[in-house]
Amino acid sequence: MFFHIKELQYHAKPEKPDPLFAKKLQEILGGQFGEISVALQYLFQGWSVRGNGKYKDLLMDTGAEELAHIEMLATMIARLLDGAPVGDLEKAAKDPVLGAILGGMNPQHAIVSGLGAMPADSVGNRWTADYIIASGNLLADFRANLNAESQGRLQAVRLYEETTDRGVKDMLSWLIARDTMHQNQWLAAIKELEAKENVVVPSTFPRHLEKREVSHVLFNFSRGNESATGRWAKGPSMDGEGVFQYVEHPQPLAKKPVLKPAPAYIHDTPPSVIQHPRDDILPPNLY
Amino acid sequence: MFFHIKELQYHAKPEKPDPLFAKKLQEILGGQFGEISVALQYLFQGWSVRGNGKYKDLLMDTGAEELAHIEMLATMIARLLDGAPVGDLEKAAKDPVLGAILGGMNPQHAIVSGLGAMPADSVGNRWTADYIIASGNLLADFRANLNAESQGRLQAVRLYEETTDRGVKDMLSWLIARDTMHQNQWLAAIKELEAKENVVVPSTFPRHLEKREVSHVLFNFSRGNESATGRWAKGPSMDGEGVFQYVEHPQPLAKKPVLKPAPAYIHDTPPSVIQHPRDDILPPNLY
Amino acid sequence: MFFHIKELQYHAKPEKPDPLFAKKLQEILGGQFGEISVALQYLFQGWSVRGNGKYKDLLMDTGAEELAHIEMLATMIARLLDGAPVGDLEKAAKDPVLGAILGGMNPQHAIVSGLGAMPADSVGNRWTADYIIASGNLLADFRANLNAESQGRLQAVRLYEETTDRGVKDMLSWLIARDTMHQNQWLAAIKELEAKENVVVPSTFPRHLEKREVSHVLFNFSRGNESATGRWAKGPSMDGEGVFQYVEHPQPLAKKPVLKPAPAYIHDTPPSVIQHPRDDILPPNLY
Amino acid sequence: MFFHIKELQYHAKPEKPDPLFAKKLQEILGGQFGEISVALQYLFQGWSVRGNGKYKDLLMDTGAEELAHIEMLATMIARLLDGAPVGDLEKAAKDPVLGAILGGMNPQHAIVSGLGAMPADSVGNRWTADYIIASGNLLADFRANLNAESQGRLQAVRLYEETTDRGVKDMLSWLIARDTMHQNQWLAAIKELEAKENVVVPSTFPRHLEKREVSHVLFNFSRGNESATGRWAKGPSMDGEGVFQYVEHPQPLAKKPVLKPAPAYIHDTPPSVIQHPRDDILPPNLY
Amino acid sequence: MFFHIKELQYHAKPEKPDPLFAKKLQEILGGQFGEISVALQYLFQGWSVRGNGKYKDLLMDTGAEELAHIEMLATMIARLLDGAPVGDLEKAAKDPVLGAILGGMNPQHAIVSGLGAMPADSVGNRWTADYIIASGNLLADFRANLNAESQGRLQAVRLYEETTDRGVKDMLSWLIARDTMHQNQWLAAIKELEAKENVVVPSTFPRHLEKREVSHVLFNFSRGNESATGRWAKGPSMDGEGVFQYVEHPQPLAKKPVLKPAPAYIHDTPPSVIQHPRDDILPPNLY
Amino acid sequence: MFFHIKELQYHAKPEKPDPLFAKKLQEILGGQFGEISVALQYLFQGWSVRGNGKYKDLLMDTGAEELAHIEMLATMIARLLDGAPVGDLEKAAKDPVLGAILGGMNPQHAIVSGLGAMPADSVGNRWTADYIIASGNLLADFRANLNAESQGRLQAVRLYEETTDRGVKDMLSWLIARDTMHQNQWLAAIKELEAKENVVVPSTFPRHLEKREVSHVLFNFSRGNESATGRWAKGPSMDGEGVFQYVEHPQPLAKKPVLKPAPAYIHDTPPSVIQHPRDDILPPNLY
């Protein structure tokens, strides 16, 4: 159950309106790695934890905090849109700044949301749950979380570089610091789970059931062997289960597949029109 | 530039058709963490690498391999659909297996693709580039890759458990092993980049510009303090830049925001109808 | 800012697992009118209120409650999925109930979410912000809210009829009652705003600027005049601004449009190939 | 069955081209509340009416009219795009108006549609049936329709304010007037159905089956009690079935949920790694 | 402008309800090549024709007819859903047909649409304007139309094979015949335009501006030269502008690209971490 | 299986950066008819061919080439974004070119992709598999391919007209030439299949099972009979199976449908509220 208080976790007040930056700032509110994504990702992961304890609590702590970040960004965007101009282009364009705003601001901020923030990214794509991840396997999911906080901090930093407004920079410096913590916390949790399980997810699948002969092999499918010089091509593997190998000229292990004709009621191209050689015979001219 | 050979990287032949499993197998072909996702994710990351060398080569090697995995899965699904029944329910339902197939198979496998694989997941959602990630920052992106291979292997393992077909299991054991390698390789690359940069992405943003006082603080926003018992709540932080702290009762740092009225031409609810108190004055009854 | 407590607002425990019903129940969690939709709709509306006072508070109260409903449904769905069977169809299908489950359950509940709830509807479409509405005009938005609670209660009632599980019915009877309240509350708020403004949204647009001659006219575009017998075709209009009229044979008021050829650099079909008569001349054979 | 005549319902001719406004105008053609949405929403509702009579006829009348509005907007947009410039930015930018157009117009109007209207909104999101609603319950659906016409008129009014072109304003004044009528007609139909049934949808669910003790209660989940001052917090409820109550400190009614471990074949994080306390026992340290 | 009459273009009455087939039939109502797609595709093409005459009229004729087909399918689906069972699985599963229906029908037909048709395909994906095409170039668009009618007829034929209901088959035999006509008419129109212009779209781009040396060349990028035996690999090209050639071993024509480092404010991986060789120099070890 | 070489098929180097054109160029990389679409469309068609031989080989040849085109465009876009400005609008807007860039470039190129290409179109919609087609019927699919190459070449030509950069034009002239070939090759393949089968897809459905009386009839549903003057309205049909006919006043062939009431458990509007006349009786006042 959730309680809300109306005070903000941190300040969200620009020095002055900037409708163009409002559009850009939507990215970290409603984009792939915006605050809606992390809030719902952590909450759904938390609700799915089978058991309880510190991991579930950590997810719910952080999920609830991200709701506060949505709120801060929604507030900041509404203020950046204060009194946004929507008027006649021809008149406006005499002032180059105004012209750039009229050409560049998100028209939906005026037409659809009435100068409010939208659950959308910086080009207007509406937020979708395609962005979020909750698998029931915490090591997998904490890696998703570490990625989300890495991408999110990167985007916040880029936005910090794109404005000179001290109010906006102040709020971003808060969000960037929180992303620092969140990267740290998921790193700590990952380290602990990797120690308890193994670095390969899921750790519970018996290794003898996989084709172990290719579990630590790098296949060179892009000509040039720079990749052979990396740590991943030699030495003991990260999971302690083998040794990295490099295969310069990977070969196919299965013959050219030939699919059987479809039944007549499917009305694919009839077999008489397509050549149907005997399955799995390699034509002699291929090798 | 790409060259194709028609032989498969590995076998993709079931013991016998199973249209219901064909539907499920779509998940790791066209789902969020299916082979289309990793193929295009690695290729787009590779094409965006500014510079060259081993990281770019590794991305292109792996991206090209994932194309071969799409091909294997597409072949397997077509074979699982061989001669799929599409007939009359009432007659079919007398055979419970046939009834379950008719009720449960993906109808688009018969109506739309003509017994071919589709670029869609196990419930029929078409693949979307919302699933993929390429930021230009390799540490961030390799974390996305590690997550993708973790989720992907987890899903392949779950599918392995859902079938008794030895041909399908054989192919999955190959894909699971490759996911083992791919987790290992991204782990190796991540370790190297973390050592060169820092564990916090992006490493190039000056730390003094963020609100360092909250860079290593866990706020307890979900009642109960199990999360205080984790590594992330005490001791030195993972980035070596501070000490984890735990705040049991987090407080808001900004006043309740009050937004200014919109201009008349926006036609929001008029100010006379909504109460517009002076900005940022906390009403006395709130505390 | 938000705080979470781990206790649930109301019970969410089924008598026994039912993976098929888990799939159906997703509709009111992650569907068009599920709890994610109302939670985010109310919160975004609240964050956009320009001014403060009772309307904003009501939105935040209700938005925060809907977060608790997402939580209840996520919990219920995870429990309905307890120990869900994923095994071999041929064996399973000997038990017709098991066969129906294997054919009918959402395969992603096993493959993707690991027996957890998903941010998706009952056919697996992921939640999208296309579903939500926040315009800055409260009368418009409260109508959206009234609709959402009407559709939502209707769906909850239909689901209530589709199960015999007393635990599920108990939880639904709570959600249905809350939807009763929410319909009541939006009705009360709408009534108040309609009295302060006018029933037509937005009330602030000067009426003389619209084509008043068609502001209260019903055009009969579907042959048969049953619609002429309704209240909307005669008597004073609901907005007190006119009298309803019925036009049995509506006529076009503008000539047939003829668009000018595109510039050559657009490479549309060349004008020499398409007939380009003089603009706005009605060919004589048309009337 | 449908017949088309080529004359327009009303004029759709701008004074002069304006590619930037063409982009904005797309909102009420192909946006969430654009004419495609209302046309298909009313038609699908009409086709689903089980029975006939005035409601079905009204839906078909209005649905057919909205098709004519799509046509008017498509025509207007094509004309606003007449001869749209697509040339070199550097040269163009010497003329600020041209620069703003080149930076701000929808590039797909030139590249994809060849200066024609698109089934998309003002930021280029393609229209999706996620926007529309047809439930089989007319009172619910007429509320959806009233909302659609409220949002639609609001957007048309905002666009009216954003142009000085007399031709565009003339067309919008027609569409605004029609939205006035459509709000009026759905209000009339809603009033009639509410009188026949009850204000709570669906009216056919027996009230004793819902948790009546919370059917008229406002829970204060957002600190501050401004919402207690509203009509929805005291006095008889709108449905005549109870009295509104206000609960200042809402309490959870169910214990903290603890989910059972997943079966081994799901490969969630193993129970040994997550704490699995006995279900529904509140740990003593929490309160 | 559009007029509607309530009579159907053709019969749409099944012998008896079949909720499973109702789900499948959604494909040709709301799928990629369903009737919504062709209706809106033809209408948008028609509205964008710059000029008038027979092509525009043909588009409007056919677009209006497809609206009648949506109506027929919506009616048929509602009737196939008559009295659809939604009850308890355990009881139902004793009747295998009922079990298959409960497991296999679209749950949204009961929960969301109230036994009405939906603007969605056979797996529940909502219709999207991503499916439709209108470019302003009629030869291009008529090819899109010919494809749509080919795919549409193929799907209708497959559905015809999947039912034994004489009422459904009767309606499908009508739609299949209409698709026959529509393929014929677009073929006729294409033939005419190809004769007036050229077979290559757009015909108005000066041929000397393209790299004519590769305008009629087949590159063999998939090992094996079966494709060399086709008409497309030898003889005069279809556009009368050249002779087909076959290149067995295609070579790259540009060096390996090396991208410049990003500016510091982008915070990509720093150049010091990625190798930045001089642009366009082929490392000697590659060949 | 696929191999990659790092050299490009053709040059992809602009004279100088142009972030605005980078945004536009995304259309033919990640738009509806961009290179991702054709690459995956041809590959999926190829993998689904049941049988082998020249058609499958042609599909794989062309699919692999399109992968190289994605690569060229990704490279070109990254270079057009070299050093893209992201700074302060107010300062920038003093330079009109810079102002237009800041207002008009895709903000995600800076915030999300770090100056890399994205799998998205020119307005930022992410690529979706909704765009692609693979039915198992080659004649149908080759028509889809011919359309894709027609739309793709049209878009490339329009982009060619929108730039003066010689490097960009050079690359586009290559892609345009390849589209010329691809239109030619699908035309050749279509001609061959039409000769072997029939022009109507699918050719395998017995003609006597369709309503042959309407297989060659043009219904005039849009007033005005310009369409009667086309080849499709008279003379032998293109499939050699009949003679085109024109019906000036098409009549409905089925009565007005009346749907039965829904079961009570669906909670649609109750029958007592909607008029339920006897099915299929035309009310006398309608004609």
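Annotations for the structure displayed:
Per-chain residue numbering starts at 1, and chain names A, B, C, D, E and F are given in the order in which the chains are listed.
Simple rule for what comes next: contacts are C-beta pairs under 8 Å (C-beta built on N, C-alpha and C of every residue); 3 or more make two chains touch, one makes a residue touch a chain.
As the structure is a prediction and not an experimental result, all values here were calculated from the model.
Looking at the partners of chain A and chain E together, the chains they share are B, C, D, F.
At the interface between chain A and chain D, under half of the residue numbers involved are used by both copies, so each side presents largely different positions.
The distance from the centre of chain C to the centre of chain E, each centre being the mean of the chain's C-alpha atoms, comes to 28 Å. Computed from the mean C-alpha positions, the centre of chain A lies at a distance of 7 Å from the centre of chain B. For chain F, the set of residues touching two or more other chains reads 1-9, 32, 48, 50, 52-56, 60-61, 63-65, 68, 75, 78, 86, 96, 99-100, 103-104, 110, 112, 114-115, 123-126, 128, 130, 135-137, 139, 154, 157-158, 161-162, 202, 205, 221-225, 250, 252, 256, 259-260, 262, 265-268, 286. In terms of which chains touch, the assembly is arranged so that all chains touch all other chains. By the touch criterion given at the top, residues 154, 157-158, 161-162, 223-225, 265-267, 283, 285-286 of chain A touch chain E in their complex.
Residues 1-9, 30, 36, 40, 43-44, 47-48, 50, 60-61, 63-65, 67-68, 70-71, 74-75, 78, 112-120, 126-130, 132, 134-137 of chain A touch chain C in their complex.
By the touch criterion given at the top, residues 1-6, 48-56, 86-90, 92-94, 96, 99-100, 102-104, 106-108, 110-112, 114, 123-126, 135-139, 193, 196-197, 202-205 of chain D touch chain F in their complex. Here chain D touches chain A in the complex through residues 18, 20-21, 23-24, 27, 31-32, 96-97, 99-101, 103-104, 121-125, 154-155, 158-159, 161-164, 221-224, 250, 252, 256, 258-262, 264, 266-271, 273-277, going by the rule given at the top. Taken together, the chain C residues at the contact with chain D in this complex read 5-13, 32, 52-58, 60-65, 68, 75, 78-79, 82-83, 86, 110, 114-115, 128, 130-131, 133, 135, 137, 139-140, 143-144, 146-147, 150-151, 153-154, 157, 160, 173-174, 176-178, 180-181, 183-185, 187-189, 191-192, 199-202, 205, 209-222, 224-227, 229-232, 237-239, 241, 244, 250, 252-257, 259-260, 262-263, 265-268, 282, 286.
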